[in-house]
Amino acid sequence: MPPKRQIWLLMQLLPVMLVLTVLFGGALLLGVAQALGFAPWFGVNTFPDTSHFAALWSDPVFWRSLGFTLYYAFVATGLAVVFGVLLALALRESFAGKTLFKYIYKLPLMIPYAVGIALAVLLLGNGGMASRMMAFVGVIDDPSQFPQILKTHAGWGIIAVYVWKQLPFVALTVYAVLLGLGRETEEAAKVLGAHRWQVFWHVTLPQILPAIVSSSLIITAFNIGAFEAPFILGGGFPDTLPVVAWRYFNDADYTLQLRGMAVVVTLAIVSGVVLFAYLGTYRRFERKRGRS
Amino acid sequence: MFLRLHRSALILVAVFVLGPFVPLMIQSFAFRWGWPDLLPSTWWLEQREKSLLPLAWDYVLSPYSRILEATLNTILIGIVVTALALVICLPAARVLARETFPGKHAFEFFLALPLIVPEAAIGISLLMVFIKLGLAGSYLGIIIVHLIPTIPYMIRMLTAVYQGLGAEFEEQAMVLGASRWQVLRLVTLPMLMPGVIAGALFTFLVSSNIFLLTFFMGQGKIITLPTLLFSKISGGTLDASAAGIALVVTIPGVLLLLLSERFIREEAFGKGFGS
Amino acid sequence: MTQVQLKQIAKSYSGTIALSECDLSIQSGELVALLGPSGCGKTTTLRMIAGLETPTSGQILFDGKEVSDVAVQSRNVGLVFQRYALFPHMTVEKNIAFGLKVRGQTAAQITEAVDEMLDVVQLRAFRDRFPAQLSGGQMQRVAIARTLITEPDVLMMDEPLANLDTKLRGEMRRFIRQLQRRLGITTIFVTHDQVEAMELADRVAVMAEGRILQFDPPDTLYQRPKTPAVAKFMGATNLFPATLKRDGLAECALGTLHYDPAVGAVEGQGHILLRAEAFDLHLTPPADSENTFTAKILTREYFGAATRYTLLCNDVQLTVQEHSRRRIEEGTLAYLTIKPEHIWVLQPS
Amino acid sequence: MTQVQLKQIAKSYSGTIALSECDLSIQSGELVALLGPSGCGKTTTLRMIAGLETPTSGQILFDGKEVSDVAVQSRNVGLVFQRYALFPHMTVEKNIAFGLKVRGQTAAQITEAVDEMLDVVQLRAFRDRFPAQLSGGQMQRVAIARTLITEPDVLMMDEPLANLDTKLRGEMRRFIRQLQRRLGITTIFVTHDQVEAMELADRVAVMAEGRILQFDPPDTLYQRPKTPAVAKFMGATNLFPATLKRDGLAECALGTLHYDPAVGAVEGQGHILLRAEAFDLHLTPPADSENTFTAKILTREYFGAATRYTLLCNDVQLTVQEHSRRRIEEGTLAYLTIKPEHIWVLQPS
Amino acid sequence: EDAAGFRENFLSGAAPWETVTKRAADEGTVNLYYWGGSDPLNIWMDQVVTPDLAKLGVTLNPVRITGTKDAIDLVLAEKGAGKALGAGSVDAIWVNGENFATLKRQDALFGSFADKLPNSAHFEWDETDPRALLNLRDFGLATEAAEVPWSGEQYVCAVNTGRVEHAAAPTTFAELRTYLEAHPGKFSYVKPPHWLGNTFVQAALYAHNPDGSGATPFQETLESLGAAELARLIQPGFEYLKSIEPLLLGAQSGNIRYPEDGAALNGLFLNGEIDFACQFGLYAVATNLANGTFPEGAQSFIFPEGNMIKNKNYLAIPSNAPHPAAALVLADYMSSVAAQASKLQFTGMPAGIDPWTLTTDEAETLSAAAPGYIGVTQAELDANTAPDTNATLVDVIEAVWLDYIERGSADPFDVIVARAVSNLSN
């Protein structure tokens, strides 16, 4: 490549590189530095000091928090993917009211999580609408008898909000890919004698798999780092890691700031490891399938 | 049989999406609505005149709710972030779509990284530096941090759009005698427009949904719809005014939905996130 | 090896009529082409036979049995899609094996059958490639192999050659023809290319606007089209309205022509068809003066094997085609003759 | 109206050679076709002439002047892309006006020129349509009009007809030919279709693997190819290695043939080319026995205007083509004759 | 005159108030950072304070934060960055206890201004008068007039008489446990370290003081008390809290629920999920009935007998306030009778000024503005008050609660306390 051309290419990439390297890369480095004791702004500089990580990682509660964090993230992603794909498949059919329906199903995608949380509170809380309905039909006579959905470590409230918000994202992504694919390969499979599930399993699914992987990657990452839903709807101690970090940052005890930083850095590492493992597994699977 | 099942499943989805808004609307008109009442025991309108302070929608629509401020902030920040992301990403997307160069894969991977790293990690790390730089609690600070999670989305959408465009239109224009600038103005931009609009709407959507980064960088000084609503419901309960605010927070999303149905072809999402 | 019958088949898509009451009866082992302009209902016909579309009315019979209740998967038909619809995520081998796999055959059986099929389509070396790594002709052959391996009773192909270049198209035509002859499968293929239909098919169904205009062997269609529409679609150039007389005289803009009354002795206002290659071109006046015209050469087009001339004769433009053994310059005055038995007359409608 | 010269032009893309030292000299006002298989460098050649690609070595001259320093925008060439590349966001009118608009012409000038051009391509009624609302042939014409309106010195077209169906392709060929004759613009077009090249071009450059094999008028190429490669590419079927003698005798697998020594009297191991349409087929032994062979008809292919037979003659397969005035059944024994002046010999290489 | 010089002059008493008001008008703006979680308070700020200050030539910029610590972080970060008086961004903060203690420890306070304001006469400054306690000490820490009390508060519990008779409401911790044994799950308190939760814990500790001396020893600093003594004093209280945990809301289904804040507590109370709601709010029942957040049958009751914690809230001025004079004008305004009366009327937050320092008319104005008691009398309340815990102890108690109750640490109690103390001191 002639040097003039190289410079021209570089110039076009530079703005993005600059923004991401400085801001994003900078934030990551800074986060690690703070977790390692570099925080001159509150008069702390013990860099490099691994004690914050040590304290965090040696605490069994941290591991339980991590467990909850991943549990909510994975279960919600799994449900959103399964139902999102089903919805995407259903959207290909023509049915009465489809135009309107295509507006409706996308609504959650467009509004902040907090709205979903508000809806969950009013609907699913022990004093909420569902509980009142049960009281109305006489199944319960005290809010405490309502099966607890919110504020438990089973996390059904959190998961419900995630699924409510993310199912449309998965559906939209997969539906878009399905639109691009057309129906021909599925019809070809049918004509070749494949039955419904064979068509789905051997022909449709492999072709939407990249869309499923990339959308589930995005939502899993989001779920791991999400704060509002587990904070408001979670079961309390032990909290998910973002909430733990939040509590540390709001504590009067400044040394906990650095512990909070360690939480946040750990969260980034976990998220990275989990998602790379996922991506790696998928890639290996694709390669294997490609070879055999 | 399958058809009927399929139908009821779709109705279920619609109920799953819209159903929860019913109690939200009722709550927004309630004065007192305790368990196990299916409807409020006292409505807002019955108490409206008796109260010194504005209640329910009176409060929501009053300046005290700061909903207008939050809405304007959300829109303003969203627009500026989108415009900046567009300007930053357009040239890069062009290169990514058209050229091959050593390290391209690594670069693409780097561009996707902010999708994987939690917002909290970024926001909290930057906070102290931003305070030092005087950027915390300023529009500029919020706009800058919003670029981090939005750029990956924008660049993916735009790269897909460029890929779909092909170089021949620009070449044709050149052969017909158009200068570089004329090519950009008369051919490239108009042809990219549908994709640019799709990318812009999506970026705006992402920006206007960001809570944690805005919350940290806003320092209470700058509020947006997500942070405003969060502070209203963070305890896990909703009063009438919180319900009203939640409804108002939904409105821009509905408008965005109408816009996006009009301007975004669904395939665009597939191109951006389907692979 | 199945006889296929369409009885009064009609299809409309929410109002628009794609096909209106068509009858078609295809013999077992026959190779039939559906020929017609874009949108005339060719694909729709194939899709209904395959079971991918349900007819609005009418019946489809395989060997005399109604198949409306037979699911796509069980009709045992083969359909090669216009754009192949190869599975992009499967290798050539996997694509070809698919039909057997979903039938639950053992790996050994499948491998054997695939190997054989790869030989038939000469793609042994490409078995591990993905569709994206193949050329158009290779994809085409994979699509055919994938279909043939299931030993369908009826093989259908939707514009199988539309996406190939001239050379490849020729090769593929020969390939399909040989294969079909060898296997004797009842085959229906769709095309909008008249040359292709004639070269390949035993019989051609000419379609237009949802109707079958004529269903006949290629030479009948070409030489004895029933209607001007069919004649035009078959590439007829010299078609003139004419007053026909029972004794073999036809009067048209060109003048009076003698035709063979045995070929079609009718009376009234019909058409007369003079095929471009039926004329003989003489540079000196011919001995026999029956059906002779003088004409001036306007343009000359060279195709290699043939040369086509446009001539002006009695104020009428005529096209004449002959082997390129000589070159007559534009502007030359020439003599045209045509034998009565080479003239076709179209009945008054 | 410019003379275009390529001198020792070569182009490689990071290692792969797309074109190696080609010379080509095109006369002012000439219509030249670049003909060759996929990947042989046709598009690359056009793109270099247009200035969209820089040659790795060699020179391009317009009217004897080097143009390497002239930017695309200033070369005043026209290039019609294979897939037209019409601007989808502009109407027909706007598309056609584009080249004048970027040249800063006034609205009045533009309107006038566009009106005129719309008449030339017969699209007046379509001026306000968008490309998506046009048929293939109409898009094609818009693409040409858009290019012609800038009055380019050199008009180039990259496979202009590849996406059209047979019928439309024929029409567009005639249209382009007439237009070019009328305007006399130096024109270069790319095709991989030999029939198209011959029908349209004054001269054809046959290319293969980055080289120009032969550059000659169509009939010369077809009837007198210089190499077996060119002969094959031009659709020659009966090409046999032969021992050539100076007295007009050629010995090949078929037997001994007399050829016209005036045509190409050489001696040594060469090839002999017997064009399929040069033979005459007789069902009874012909009077003159020079160059006569008995042969058995193996297959018969019907194309409408012509019928092609494959025959076996002295263990050699021969292809013979004649007008479809009769139908000889497969298996028939026939007599083949060919006149010495219809035989072409290829020099030993 | 530069900001530092102004501060010097004002604190030394050299500058007359006119120079302050004049300078304030020049500064133009005052940035007040405060917890923005109360709508009535926000409305009062906008409807009353903003126009009143405008009349004084100062524009109020109310910065509503979700946690006071955000403002403290900002002050300290700016201070660390070398921004001195006149250069920071926070002019005044609503603080209590711990946060004030942080500012004081970091030497981030403007100085002793509260007793030099024209309205300082509305506060009792006489150290010998026990009624001056809450002006002189904030959570036990000496205010040194570096903050001005701008609101009073008292921890009061409410009962839903729609579900429980007023008379059946417990008045002691023991009665509460008995009640819960009969009605498991019908009570909870806000989760520490939220101040509402901290206060409930403190009240329990006072009530279970092994020496029977109630709040008294909790007025000492951590330093003077020592970790071991603190552990001894608080262990019985914590044992009690631990003992009622299985009886709290949600415990029956295995998910003990401590509401995150006052709003959450009110929500539970409205829906009858809990029968009693304890929080700061002398007039909370009246206020919450007026805005629909309490059930119709809500009434205050005396709990815990003799240990209803009473405190004040303060406005502090940081050492790097950008507009120090405007901040002083704001502090003086907040100490006025008019401001206190309207605040009482709008928000139900009791006055921060001391009624006995006022004229009869002024005192009248204040009491007329009060929403009134429901279910209790002034005399009953007066008889049961207790002071706040020293701020240095609060952090430890918080940490102990988190460790002992929330995390359920199995370590010996004194080890837990010692650990909390040592974590906080480094």
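Labels for the chains are A, B, C, D and E, by order of writing; each one numbers its residues from 1.
Everything below uses one rule, namely that a residue touches a chain if its C-beta (ideal position, glycine included) is under 8 Å from a C-beta of that chain, and two chains touch if they have at least 3 such contacts.
Values in this document were obtained by computation on a predicted structure and should not be read as measured data.
Each step here moves to a touching chain, and the least such steps from chain C to chain D number 1.
Any chain touching chain A that also touches chain B appears here: E. Under the contact definition, chain D and chain E share the contacting chains B.
This structure's chain pair with the greatest number of C-beta contacts is A-B.
If you average the Cα atoms of chain A and of chain C, the two centres end up 56 Å apart. Mean C-alpha positions place chain A and chain E at a centre distance of 38 Å.
Shown for chain E are the residues in touch with two or more other chains, namely 77, 80-81, 260, 267-268, 270-273. The residues of chain B that reach two or more other chains are 34-35, 128, 131-132, 234-238, listed in rising order. Listed for chain A are residues 41, 127, 143, 151, 231-232, each touching two or more other chains.
By the contact rule set out at the top, the touching chain pairs are A-B, A-C, A-E, B-D, B-E, C-D. For chain A in complex with chain E, the touching residues are 40-43, 61, 126-127, 142-144, 148, 151-153, 231-232, 235-237, 250-253, 255.
By the touch criterion given at the top, residues 165-167, 192-195, 198-199, 218-219, 222-223, 234-235, 275-278, 301-306, 321-325, 327, 342 of chain C touch chain D in their complex. Only residues 50, 52, 72-74, 76-79, 81, 83, 85-91, 98-99, 101-103, 130, 146-147, 150 of chain C touch chain A when the two sit together in their complex.
Taken together, the chain A residues at the contact with chain C in this complex read 184-185, 187-195, 198, 202-203, 206-207, 289-290.
Every residue of chain B that touches chain D in the complex is listed here, in rising order: 166, 168-169, 171-179, 182, 186-187, 190-191, 193.
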